[in-house]
Amino acid sequence: MNAWRQPGCWLTWLGLLAGGLAVVVVRDNTVRELAFTLLMFAALASSLNIMMGYTGYVNFGHIVFFGLGGYTGFYLISQHGWSLYPAVLVGGLAAAALAGFLGSAILRLRGAYFALATIGINEAARAFVNNFTPFGGPTGMFVNFSAYAEYGGAAQALWLTYALLLAITILTLILSGMVKYSRFGLGLMGIREDEDAAVVMGVSAPRFKTAAYALSALAPGMVGTLYFFKNGNVEPGDAFRLNMSIEMLVMVMLGGQGTVLGPVLGAVTYERLRGYLLTSPLFKNLHLAFAGLALLLIVLFVPTGVVGWLRARFPRLRRLLA
Amino acid sequence: MILQVQNVTKRFGGLQALTDVTFELPEGQILGLLGPNGAGKTTLFNVINGVYAPEGGRITFRGKEITGWPPYRVAHSGLARTHQVVRPLNELTVRENAMVGACFGRERHSLASAAVVADDVLARVGLTERARQITSSLNVAQKKRLELARALAARPYLLLLDEVLAGLNPTEIALMVETIRRIRDDGVTILMIEHVMQAVMNVSDRVLVLDYGILIAEGRPQEVANDPKVVEAYLGDPKLAQKLLAEEAG
Amino acid sequence: MEQVLASLLDGLLLGFVYGMAAMGLSLIWGVMRVINLSHGAIMALGMFATYFLFTVLGINPYLALLVVAALGLVFGFAVYGIAVHRVIDAPHLSSLLATFSVNMIILGVGTAVFTTSPRNIDFPLGSVQIGPLTLQGTRLIAALVTMITTATLYLFLYRTYPGKSIRAVANNRASAELMGIPSARVLALSFGIGTMLAALAGGLISTFFPFTILSGDAYQPRSFVICVLGGLGDPLGALLGGLILGMMEGLIPTFMPVSWVPVVEFVLFVLILLFRPSGLLGAR
């Protein structure tokens, strides 16, 4: 795979690994919590990028995989006593399977219609889970504190989830790079640029799109399971937040869609900005408004995001900004 | 026969775009497809390569029936086409555009061997210096050459060219015609829609003429050029056609 | 049986207002292929505008609607000029994100300024008895206002020059420009009318239920469903779609727990997008 030969990819992967390990070395709980949030969004944004950046299909309801995958994984832990590791895996696979199934139907839609359909699916999923008794209906599910005992107690469990998240995030970025620099990725980008022309050239668009959609759902499903496990509970309102979905979109666009580094950069920048705004007395209530403003400015003036702008402005840096 | 089109009919709502079109194309030939604007030539291409499914009729390619196949399947079987209005993959480089053709065409290359094929076809159309440029920065003539290169990269048995000469100046036309001849000499059969009369008459082995979706003439270029039905189709007035032919004879 | 009829009728009347809201969304889509994701937020602004005109200035809410309509129109011009105009010819995603960012800004500022405590307009209009059924006065007036607005809109679109310009631009912008129609101004006008309808609908809804700045969020998905039901781009279809949805919402809880209504709505939404994207009425 050509991704291994791209210095830009290695820079992103190793950079993230170094940052992530530094947190473990420092052994500070607050830093870990911050890093958890950053990594979570980096993984989510990166996975969204596979559909949005490489394939050109904007998924407004990406959060549905986080919600449904997370619900499935959490259900296995909470109601059936599964261990964390297989539950996380199944959460991801369930989300991917759902994406494969849904994708074959809604990927026939283009552009705005597709975006609308993904919103509809997210809302339908939330409403459905709200009524679905095995998943706890409107009150959701929770785990007993004792569940953390098998991982060495609550404190240890928190570090464990962090480590797992770090691993998942790095794997997602590796996946992103591998897709981008592969034959599969070339086909996806052909679809993005001109789907009809790509089809005429022989790209099996339906299969490729569905595969991309399923791949993009893996990380959110796994991350969702981890997140809910860490929080100890899950509710419909928490799991399908459309605003969170849109924030992921902003992160991808801010950093630069269609690149490996972009979504990570966007996620980190956006989350830090958001954190700053939330704690600042002046801007506390306005963080949503600021996010909106940021998005508007990006859409109007820098649609290729930071990484895209840098690549265009400094062509020689292209090798380093994958 | 590399391509057999039998009784193909295509309707769009109330509009009859193609009616009972039938012809055959032997391997290694260059067949010109003529007709006034709106005659249905591009629609015929779209039916052949799977963009549209016909309401009636059959298309047989290299002995296999491909009617109603999706375009990517048709591409895999060795049929490539260019578009009248070029459709480049804008944010990709010139080389990557050609590589898409190679990766997903008949030979299904991996990225590495696709790069080799891409470099080869780019050389053939004269775009080698621009290989690493982003496609959106090319001008229209260059994009047309890229469109052709992309189709060639798929290593097709049959190439459908839709007005490749449109908008080119005489020098460029001569170069392109030469390129087309060389493509045929390499073993690719060509079906080309063209309006640039001199060029297509010179390079084609046979021509077909469509008018309002109906095949009105078929034969060698010289025969067809003097067919009154053909002249009438282009000029619209049978009396004028006769008058012109009489003048030419006299 | 009486229950069912009563719910149905109530839903129908509510459906008028839903329909008017969706009309705005549908018009904007039909004219410029933009999906206004700030639609719900603008409805909420309409609610607040009516509320303040009523409580602070003591104006009759229904008279206040005239002011709200004007404000909605002007606000639409502003949103168009600032956020939409630049990206109108860009891929759909750009305009989607642009209007969504406007949504975020409105909600963000709105939450900060108005907080999330619910407001209420206390302007009861009694009720009317028709046989065994009781119809609320506020609902009846709202339906009436909707019908008047729809009629006015159609007169405008078909009998006035600006209206015809809008239809021309919706049909084929390039040709319209060649005929000398200033398309940018027409687009701004269309967007303004769309937001005006949304604000009006919000104002009417404020006379029915208590609301917060986030209330519009509940009506936006419904507006999408309605537009898709009636056919994106067809205002009359939107009105009919609204009536259908209103009746559905009235009818479904009589034989299914209320919490299932959103599930039905959204599944229907996705199914229509998939199989009849031109709407049940088969418009555009």
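Read from first to last, the chains carry the letters A, B and C; within each, the first residue is number 1.
As a convention for this text, a residue touches a chain if its C-beta (ideal position, glycine included) is under 8 Å from a C-beta of that chain, and two chains touch if they have at least 3 such contacts.
Predicted model only: the values in this text are computed from it and were never measured.
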Contact pairs, highest-scoring chain pair: A-C
Centre-most chain, if every chain is reduced to its averaged C-alpha atoms: A
Chain whose mean Cα position lies farthest from chain B: C
Whole-Å gap separating chain A and chain C, where each centre is the average of the chain's CA atoms: 33
Separation of chain B from chain C, taking each centre as the mean of its C-alpha atoms, in whole Å: 49
Euclidean distance of C-alpha centroids - chain A vs chain B, Å: 44
Multi-chain contact residues (two or more partners), chain C: none
Chain A-facing residues of chain B, complex: 49, 51, 70-72, 75-76, 80-81, 83, 87-92, 96, 99-101, 103-105, 110-111, 114, 150, 154
Chain C-touching residues of chain A, taken from the complex the two chains share: 58, 60, 105-106, 108-109, 111-113, 115-117, 119-121, 123-124, 126-128, 130-131, 138, 246, 249, 253, 285-296, 299-300, 303
Of chain A, residues touching chain B in the complex: 2, 181-183, 186-187, 189-190, 192-194, 196-205, 258
Chain C residues within the chain A interface of the complex: 33, 35, 83, 86-87, 90-94, 96-98, 100-109, 111-112, 221, 224-225, 228, 257, 259-260, 262-263, 266-267, 269-270, 273-274, 277
